[in-house]
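In what follows, a single structure is set out as structure tokens and then discussed.
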Amino acid sequence: MSPDSAATGGARIAWIRSRMPLLAETRRRFAEKRPFAGLRIGMSLHLEPKTAVLLETLAAGGAEIVGTGNHGSTQDDVVAALRARGLTLHGRRDDTLEQHAANLEAVLDARPDILLDNGADLAAGVVRRGMAGRIRGGTEETTSGAFRLRDELAGSVPFPVLVINDSPLKAIGENLHAVGQSAVESFQRITNLMIPGRRFVVIGYGWCGRGVARYLRALGGQVAVAEVDEIKAFEAALDGYLVDDLPELLPWAQAVITATGAPGVLPGSLLPLLRTGTVLGNIGHFPFEIDTAALAEQAVSRQQLDEGLESFTMPDGRELVLIAEGRMFNLAGRAPKGNSIASMDLGFLLQARSLERVALAPESLPAGAQPVPDDINRQIARRMVEVLRTGE
Amino acid sequence: MSPDSAATGGARIAWIRSRMPLLAETRRRFAEKRPFAGLRIGMSLHLEPKTAVLLETLAAGGAEIVGTGNHGSTQDDVVAALRARGLTLHGRRDDTLEQHAANLEAVLDARPDILLDNGADLAAGVVRRGMAGRIRGGTEETTSGAFRLRDELAGSVPFPVLVINDSPLKAIGENLHAVGQSAVESFQRITNLMIPGRRFVVIGYGWCGRGVARYLRALGGQVAVAEVDEIKAFEAALDGYLVDDLPELLPWAQAVITATGAPGVLPGSLLPLLRTGTVLGNIGHFPFEIDTAALAEQAVSRQQLDEGLESFTMPDGRELVLIAEGRMFNLAGRAPKGNSIASMDLGFLLQARSLERVALAPESLPAGAQPVPDDINRQIARRMVEVLRTGE
Amino acid sequence: MSPDSAATGGARIAWIRSRMPLLAETRRRFAEKRPFAGLRIGMSLHLEPKTAVLLETLAAGGAEIVGTGNHGSTQDDVVAALRARGLTLHGRRDDTLEQHAANLEAVLDARPDILLDNGADLAAGVVRRGMAGRIRGGTEETTSGAFRLRDELAGSVPFPVLVINDSPLKAIGENLHAVGQSAVESFQRITNLMIPGRRFVVIGYGWCGRGVARYLRALGGQVAVAEVDEIKAFEAALDGYLVDDLPELLPWAQAVITATGAPGVLPGSLLPLLRTGTVLGNIGHFPFEIDTAALAEQAVSRQQLDEGLESFTMPDGRELVLIAEGRMFNLAGRAPKGNSIASMDLGFLLQARSLERVALAPESLPAGAQPVPDDINRQIARRMVEVLRTGE
Amino acid sequence: MSPDSAATGGARIAWIRSRMPLLAETRRRFAEKRPFAGLRIGMSLHLEPKTAVLLETLAAGGAEIVGTGNHGSTQDDVVAALRARGLTLHGRRDDTLEQHAANLEAVLDARPDILLDNGADLAAGVVRRGMAGRIRGGTEETTSGAFRLRDELAGSVPFPVLVINDSPLKAIGENLHAVGQSAVESFQRITNLMIPGRRFVVIGYGWCGRGVARYLRALGGQVAVAEVDEIKAFEAALDGYLVDDLPELLPWAQAVITATGAPGVLPGSLLPLLRTGTVLGNIGHFPFEIDTAALAEQAVSRQQLDEGLESFTMPDGRELVLIAEGRMFNLAGRAPKGNSIASMDLGFLLQARSLERVALAPESLPAGAQPVPDDINRQIARRMVEVLRTGE
């Protein structure tokens, strides 16, 4: 990794760091109190500038960091900058799956005391290796990791794991607001289509779906909602959206956005209902909400239109346009920035404070997956309100 | 009561009835199925045209209705119209408290099988009289009645009481939307003040508070929120409101609206922080949120400005303006209409369907206060979505 | 007129006065400079509390006021309060048309120097009487009066008349915002219908129409616009409204609001397109936009539902509901408050400053109807911005 | 230029073409009527996929196209695709200024009959060369070109030039809506900052400024407006924005967006008022609204943070962040898409219809710069309303 790369990464981290006041304050406190002194944190998390600021914060608290990124998304300039500051990070963007697996093993080889986990990859590793007894505790970033801890790993994890995504602050701050905002930004960035007057069908009125619906409408879109839960559908209708069954809505749509967390909510069987030109996109975490396999199978031809944008010609001549192959499109297209810095400042403060609790008071926490303690949520909520009010 | 009065009441009921499609459909079904055949419903509920349509609906289902209104709010022309249709209703607008108590006793004297209750007045009466054993069950409209059933009357009510206000449909349809809308309508109707640009402090970000905040902002108001629960405060801040502690917000306010359900949330001790001309109003159910006694005590003089609007001159010369003596102001001023017809169509369908369940399947319900059964909520939610979509 | 009446009127004026900071400041300046010393102002204007504050302001500037109200709308308690302060006012609410004509003559008999006119009634009188030569100048409140001055009275008015309604501040402050806000308030106040989800057709996208459309949508209404001018229709479409020809929109509507200033824009020939239950209302100045004569003629019966609300049964069984007989409905129903105090503070400051210009510098103004001088508009605009920012 | 490049450009054009229904319809009509048969159009316009669809449309009408792009923005793959279809296009992205000047001369060498001009570069050339007499007429895309025609070239252009940017459709469709939308998209895309709760100062409340203010607020931003014209400032205040003098607003701001069209509206002298971290961006056409020279001079150091984002450290330690060097930031950063396809479909239909009028009825048009004829505006407005309603 060239020094130039470290410089570029450092500049990008500097911008992000300057806009993360929540972590900044905790970093100062950590530097004074050193809650992680003598502890090694093993981490596995998407490696980009926002994560870098979290890692710096933990390091400021005395932690030794040994970690790796997610497969295929590691930003090499950011890693270079962090290595220059003494962190031990394995992996690079073009790693193969085998190399990625080896990176995870390298993290475990370092014998961490605490896990900063993602998809429960590290937790599964320590269980497999019989190392679980030496782990003080950890955090898990994702809902899918939490599911794995409560299912496949249930009973075999003797240490506490605080699940960040179970915090109400994440649901509100990230799923409702940050995802909703980045969805409207990304829809424009990738398609260049005008939102006012456009007819959108949002599938799902959970936190993500209502964020997407709210911000699309705020920009002038005509938004309809399809939702199978009657109470949520009722909320959507009173919030002023057109609410109907999906087969009724699809012929009206000019764009369809899935946001449910469930597979196949736009199934192949309904694709014939769509009018020509309809744009399909998914904002849910997993790429399975739109049945893209059925779309590809039904199509007589397909053409890449632009980055993140592909057209499918159907046997009857209709064109359907798919964004980002059905993957979460606020992370797709050329140069996506992802969720806003402020929303990640919030999410990563949940991480930092949860890891601090694990480090200092593991005995106060039961074993296994569990929500972030309520007092942490409330302290952070209070501080975030202050930041939103004062900008500091 | 003159025939003319019955005609006026009848015309007003006709308008309301024509705009209650949910009850209309149930009334047709009741007329066919007669779920209340042979049953006497004792009722105690605010007697105005919307209630009249509920009572007609129950009567269409075969119920014999014996009832009375709330103290001081009975609309005599509506009562006249209902009496002309064979309902037994006690009381009139200008009843004294003694007469109102006698009206409640008269309802109990009629030995009802089912109670349509409000504030648990009838339930307390049957317990006191030792008549509880003959009651099949009932409904309770209010949260305060539910509280009384679960506290003072706990254990002594052997029949099921479905609490309408515990339904999520009421929270969303009535507290969030209908109260919010009628609050902005009533603020303008009573004060004649412009909303755009005006600085409002809303105290409380529960269902009512967020409805008030949402609709005030929609009309162009500058809205700040004071909320003691950190998670709700966080929601408000991300929803874009200025959120701060009440003592910080009050000097900024031009109007303060309480919406918490708790007493004294605008205490006398904070009144000195208000700038001259600030308008004070309460939208919560009880008239105790603004400490009006302290206001009156601190003031050196007071003057009635217009109906529902009174000015208090403070020792330092500031003028504070109180709407409707601190009572729920969407029911105050000259000629208030209250919550929208549609929201009461929803709320009263919850009543009608809950009473039907009590009549037909009391054995399916445990004794005591309990929420409306989930299947009823979901069926009504689905139907309301349809009405909002089609207008029918 | 009883003393009590003067007290009631005085209290109502006191509230309004306390909320008119623009006039308050000018009143203080007038009291010092006395621009109207020795001058008699003849006035003809709707007599209610806001007008009272204007008249007080002129009187503070040294003017002798001799005036009368509009036919049928004079508020007797307000007149009583003003008489108690020495103003000479003719007429009362229940005056006949003959008495109203006599009141206007009585104003002219007093030989005014300056006219504060409304519908050009006083201007026409001075021309008819040959008194025009002694008039220094005046103001005209309405567009219809301006039309009369430029048409019927063209060339015969040798003095300047500043037309208040031609000011851009009136178009923006009153027609766009104040009328729009009072329209949504009044629709709820009179009909008690829920706005969210309701399908409104607004006819006309001038200042009034876009205000009504904007505020209805802000409260959650589904709003469509019919507009014959292509450029305005284009604006409406890009502002996010459904825009179509009226015959296409009417079968979709649940409510139709006319706001064009032109007669018969909802003609009898289109009434058969309306679905049953549709509510019809007019917000335009004149009561001729809805063809109410055709409606009455086509109907087989009609019934008064509530104050300001009448139902018409059509031969095919449909019910159409008319608000306020097709008159401007933000001034209809029980206890209407009219436009917000702030909007009238603005409009009446235009009056006061224009009359001051006429009094002090009549030679700077050409003869005949003309807009308010640009420097007055700009000074008032700057001050109103300040009031909106500071509340003072 | 490789065949691959033409294929990539062709695919990108295909997507854009499929979303330009206004031009599609005109292209079909042109193909039938051939209004440009035998005519050569000399063009100078930013060469990207949307322009390509305009050029295809003109070619379908029989025009021979000879043209060049703007300096530095030509997209080579688009040019390759157009050349493959027989258009004569000069220039490439990395041309020097000398090469760009030579490209313009090459267009003139081809002896065009009609000019599709931009900045009046071609008009100035034909005047200089004495070729003006042979030109039938033309169009000018920009306001700055129109200014040049009316100033430097006044009297020397004997042919009609229809100024596209003078059309009300451009002001509304592009400046108000499209620029406003792409500004909020680009702000997020470049800075990754959250909009809700952020405090924005928009300088200027013309078409662009009110679009930016409207869409920033729609996404949850706190927006203040600084505007020197009193009437526009009054509009902004009633539209609900905080309006104040710039020196009062700057210390409050977290971001400042210039949108006036005038130079130096954020002058160096006011930079000391900004708090640390404030983000500065310009959305006006010219890069002179923020005094970037003063910013650079006052700063003690500067650092590139990310693409389109630079930090300046001031002597007192404050950091100011500049987007895109003060250039119009909706065209800056990595991979900008510019205004929405629909807005350019509209703008380019104005071009196509204006060029058709020049080709077919030049005698109906006076010499010199002039607005698009009213009948063309109205026909296009009507059609755009239809497209917004039906999506076709």
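The chains carry the letters A, B, C and D, assigned in the order they are written, with residues numbered from 1 in each.
The rule is simple: a contact is a pair of C-beta atoms (placed from the backbone, for glycine too) under 8 Å apart; a residue touches a chain by one contact, two chains touch by 3 or more.
Computed from a prediction, not measured in an experiment: that's the story for all the values here.
The most distant chain from chain C, with centres taken as the mean of CA atoms, is A. Of the two chain pairs shown, A-D and A-C, the one joined by more C-beta contacts is A-D.
One inter-chain figure worth recording: chain A and chain D are separated by 36 Å, centre to centre, where each centre is the mean of the chain's CA atoms. Averaging C-alpha coordinates per chain places the centre of chain C 42 Å away from that of chain D. Distance from the chain A centre to the chain C centre is 55 Å, each centre being the mean of its Cα atoms.
Chain D has residues 177, 196-197, 220, 237-238, 388 in contact with two or more other chains. For chain D in complex with chain C, the residues that touch the partner chain are 168-169, 172-173, 176-177, 230-231, 233-235, 237-238, 242-244, 377-379, 381-382, 384-385, 388-389. Against chain A, in their complex, chain C makes its touches with residues 196-197, 220, 222, 237-240. Within the complex formed with chain C, the residues of chain B that make contact are 11-12, 14-16, 18-19, 177-178, 181-182, 184-185, 188-189, 192-199, 215, 218-220, 254, 275, 277, 303-307, 309, 311, 319, 321, 333-335, 337-338, 340-343, 388, 391.
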